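Consider the two complexes below, in which chain A is the common component and chain B and chain C are the respective partners.
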Partner chain A sequence: MTTLLRAENLVKIYHQHQPDEVRAVRDVSVAVQSGEVLVLRGPSGSGKTSLLSLLGCMARPTSGRLFFADQDVTRLPEHFLAGIRQQSFGFIFQQFNLVRELSVIDNVLLPLYPTRLGFAEMKRRATEILAQLHIDQRRNFKVAQLSGGEQQRVAIARALINHPPLIIADEPTAHLDSQLAAQLMEILTELHQAGKTLIIASHDPFVCDHPLISRRLNLHDGRLQEPGA
Partner chain B sequence: MILHAGIIALLLGALLVGLVSLAASLLGLRILLRWNPQSSSQGQLQLERQTWLVGSLMNLVLGFQIFSLALFVYTLEDIHSLFVGAMCATGSLNANQIGWLALLIKLLLMFGAALWVWLNRLDLATPTTPLVKIKYRFLLLLTPLLWLDFYLQASYFSGLEPQIITSCCGSLFGLGASGVASELAALPAAPTMVWFYAHAGLLLLLLGLCLWSMRAFLRLLLLIASAGFILVGLVAVVAFISPYIYAMPNHHCPFDMLQGHYGYIGYPLYLSLFGGGLFAMLPGLGIGLRRYPGLQPLLEKRERLWLWLGVIGVGAFVVIASWPMVFGRFILLGY
Partner chain C sequence: MTPSLKILDYALASLLRRKYKHLALLAVYTLTVAVLASVLFMTQSLRQEAEALLSTAPALVVQKLVGGRHDLIAEDYAAQIRTLPGVRGVEARIWGYYYDSLYGVNLTLLGWTSAQGETLELLRGQLPQQPGDCALGAGVAQTYGVEIDDSLVLVDQRNQSRIFRVSGIFSSDSQLLTQDLLVLGNADLRAFFEIPTGLAVDLAVQVYNPREIATLAAKIRQQLPATRPIARSEILHSYRTVFNWRSGMILSLLLTALLAFAILAWDRASGLGAAEKHEIGILKALGWTTSDVLQLKFWEGLCLSLTAFILGTLGGWIQVYQFGGGLLRPFFSGWSVLFPQFDLYPALSFYELASLGALTIFPYLVCTLVPAWKNAVSDPDAVMRS
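Presenting the complex of A and B:
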């Protein structure tokens, strides 16, 4: 296995040198291997989302270095990072972050617009991925008309549409009941079997103890603790 | 004001360019004060996102600014029939005192806009974005000129009255008139031809040498030669290229050739002159940018394309200018 993502001594401080300074991530070093399923677990406020944002190149570390596929991406300007995110990362957000006024298929198509794909190919891809996630019958529905589980699957379809090697999911079961959470884990298992690398932040025991997970990292007050079993 | 589609498009376009460039200048001021690529603060990330967005918008509006020179001249050609005494764009330009100044500013801004787009593309293609402050300083210089362009166009077009009796190219570029235009028209054809072809030959030779060698002084020579060629080319158009196109020894107008009955030949002629000259200048301008981190490899990679585009542009200008001399029956030197 090759190292897909490597963090060295990552530190993230919000509002630095101000009275409301927050040290969200403290000296975190971690290497994520290709094909691995890694869970970041910890209580609310432990820095999981901040660390995911750093690992997903959505925020810039205050200090430390981040390598993606052996390229140092720590100080790349935002438009370079946008390109890396668009090509290599699929994000599943806790709040889904879908555009509620748009239809399902238009939400899924969004990451493809900056690419040079023709519209017919874009629609073919979106239809295919929606069918895989069993949501294609709702393709023309507005997102606002969907249930939480359906919205979650649309968010997953959007994350997968660019065929990214790495999927980052932040509390993916937070808004799902146990049945939908089980369905989600089945989808994530299929993604893992398809060769995707997964980084999941969760404090849900159902996710953290799932057999799919190959490595667990505990985060507390922004620091990595001794790894769990 | 004359409600012509071209005039409305030019004014609305210039207003949009002015507004976007004003917003971009305000961002530029913030960048000049707060830009720190080493910072991980949210403010810096926001500036980076904004500069990407604003850079993309500026590419579009300055692209329009470059195109608007052609639209301006086309519109002047199209409305000349409204004025008594006008036979081409020269008559429209002479219809009030602002026309020529508006054209001059548009010409300057075409080069300024092209250079800004060039700087922006280089900057955004480099992971260290080394030109971000330079391009916004340059934009702070361009923005007042862009508003001046809007003001001059608005004043010029609003001051046009159909009952105006204007003078046309015959009086401006005629041999009996006084002024720079008539002096250019009166230049002796044979020495001007020698001067023009020698300069074109030198420029093509320098372009070839720069394709072959990486020496900086060749690029600086190329910069001077290509800037000079744009001027020489314009002089040549008035002095002898236009009489050949019109097949009339005393017809030196640089605008008539933009009309349909000359096959709109003026558009490719000027496009190749300005485009070829500009691309040939870029390797020389790039010399000054080589010291910025990360730019040297990018400049070396892109330079060949600019050089070839320079060769194509200058070559096309020489071919278009020479075509009527070689294949036409008219011989200017016989007059």
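Presenting the complex of A and C:
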């Protein structure tokens, strides 16, 4: 297995040198191997989402370094990071983060607008993924009309549309009942079998203890308690 | 397909998604452009009208001043002016203003001279040939409802009715001339206004070389100190100045409206709704760059501002040329003076249109792009926490 993502002594401080300064991530070093399923677990406020933001190139660390496919991306210009997010990462957000006024298919197409793909190819891909996730019959529905489980699947379809090698999911079962959570884990299992690398932040025991998970990291107050364990 | 085209497609869809909000903004924006366009069109048309009117005027007019006021001038002065080198001809003109309270119109009565025949295009009949004849502008004929050979009754200086036979109806490049000009024989007009023989209202001077007008005017002033020579270009300059000044005044007032609109646009953009901010965050998280987001906002702004510009300009055009600029006319023509009613001829200047575009589209784009940029440069991780 090759190392897909490597973090060295990552620190993230919000509102630095201000009265409301928050040290969200403290000196985290971690390496994510290609094809593994990594869970970041910890209570609310432990820094899981902040660490996911750093690993997903959505925020810059206050200090430390981040390598993606052996390339130091810590200080890359914004448009390079956007390119990495666009080509290599698929994000499944805790709140789904769908554009409510858009239809299912339009939401799924969003990552492909800045690419050179034609509309026909974009729609072909979206239709294919929506069919895989059994949501294609709702393709023209506004997402506001969908149930929580259906919205979750739309969010997953959007995360997969650009064929990313790495999927980052933040509390993916937070808004799902046990049945939907089980369905989600089945989907994640299929993704893993398809060769995707998964990083999941969760404090849901159902996710953390799922057989799919290959490695668990505990976060507490922004620190890894069992680094690399 | 290039990303830019796809982002344009997304921008159009985005405008339609929030259609009520954007329609409201478009309405205010269009109204602002329409008012500004009306001012520009009106100014341009009035300047053009003044130029058409003065194209028929003599190159130089000599008036007599008494106590700083315009007075009747001795026709003998014409002979003295005629001796100056460069003068082609001098004609004593009889003319005056006539207010008809019955019709509520203000007419210019002009004594017919040979020179006048060159500038008026006769539609029917002929210019006055016999005593008691008159020729009217087409607009005047329409106002009085008269045709060739009909009688026209005017009240003279002694409050006595005089009957004139309509011998001709003419038109002119200038709407003002056709709407307020009435041509009589010189003798008839002299009697009408009781202008003594040997005196005239002013002297019209024709010159060989238009570039020598200023020199000639200086010589006339030197030889005849009680006179005031006025060059056609000076009158034209005065008209332009007046219209530009009035237009400038109105535009200054309207700039307040424009500023208010800019503040509205800024407020709209900087106070991006939570949904819009959230959408920007999502797009960035999904791999859109800051410039992609700015491009999206640019297309949105450009589509909206171009639509408002086109609709507003069209609205201004219709207001001025279909409805006679009724809303703005009093600002330009004043309230205390009776002016003849006349139609404005369309006058389109690329420079004016470009100025209008620069004045309305550019500020809107800046007002929307700057706040959008402030949102777009932030890290997308905010969306992770929403």
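Here, the second predicted complex is superposed on the first by the 226 of 229 C-alpha atoms of A that agree within 3 Å, B and C clash if a C-alpha of one lies under 4 Å from a C-alpha of the other, contacts with A are read in each partner's own complex, and residues count from 1 in each chain.
Operating definition for what follows: contacts are C-beta pairs under 8 Å (C-beta built on N, C-alpha and C of every residue); 3 or more make two chains touch, one makes a residue touch a chain.
All values derive from a computational prediction rather than experimental measurement.
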item: Simultaneous placement of chain C and chain B on chain A, clash or fit; value: clash
item: Contacts of A:P172 with chain B and chain C, given as first, second, both or neither; value: neither
item: First, second, both or neither for A:G47, with chain B first and chain C second; value: neither
item: More chain A residues in contact - chain B or chain C; value: C
item: Touched partner set for A:G222, first chain B, second chain C, both or neither; value: neither
item: Touched partner set for A:R60, first chain B, second chain C, both or neither; value: both
item: Which superposed partner A:R158 touches (first chain B, second chain C, both, neither); value: second
item: Partner chain(s) touched by A:G83 [first = chain B, second = chain C, both, neither]; value: second
item: Contacts of A:E101 with chain B and chain C, given as first, second, both or neither; value: second
item: Which of chain B and chain C A:F91 touches, first, second, both or neither; value: second
item: Chain B and chain C contact sites that coincide on chain A, given as residue numbers; value: 59-60, 78-79, 82
item: Residue ranges of chain A touching chain C (in the complex, touch as defined); value: 49-50, 52-53, 56, 58-60, 78-79, 82-83, 85-87, 89, 91, 93-95, 97-102, 106, 110-111, 113-119, 158, 162, 170
item: Chain C - residues contacting chain A, complex; value: 1-3, 6-7, 9-10, 13, 17-18, 275, 278-279, 281-292, 377, 379-381, 383-386
item: Residue ranges of chain A touching chain B (in the complex, touch as defined); value: 12, 14, 16, 59-63, 75-80, 82
item: For the chain B and chain A complex, residues of the former touching the latter; value: 37-38, 40-42, 44-45, 48-49, 52, 124, 127-129
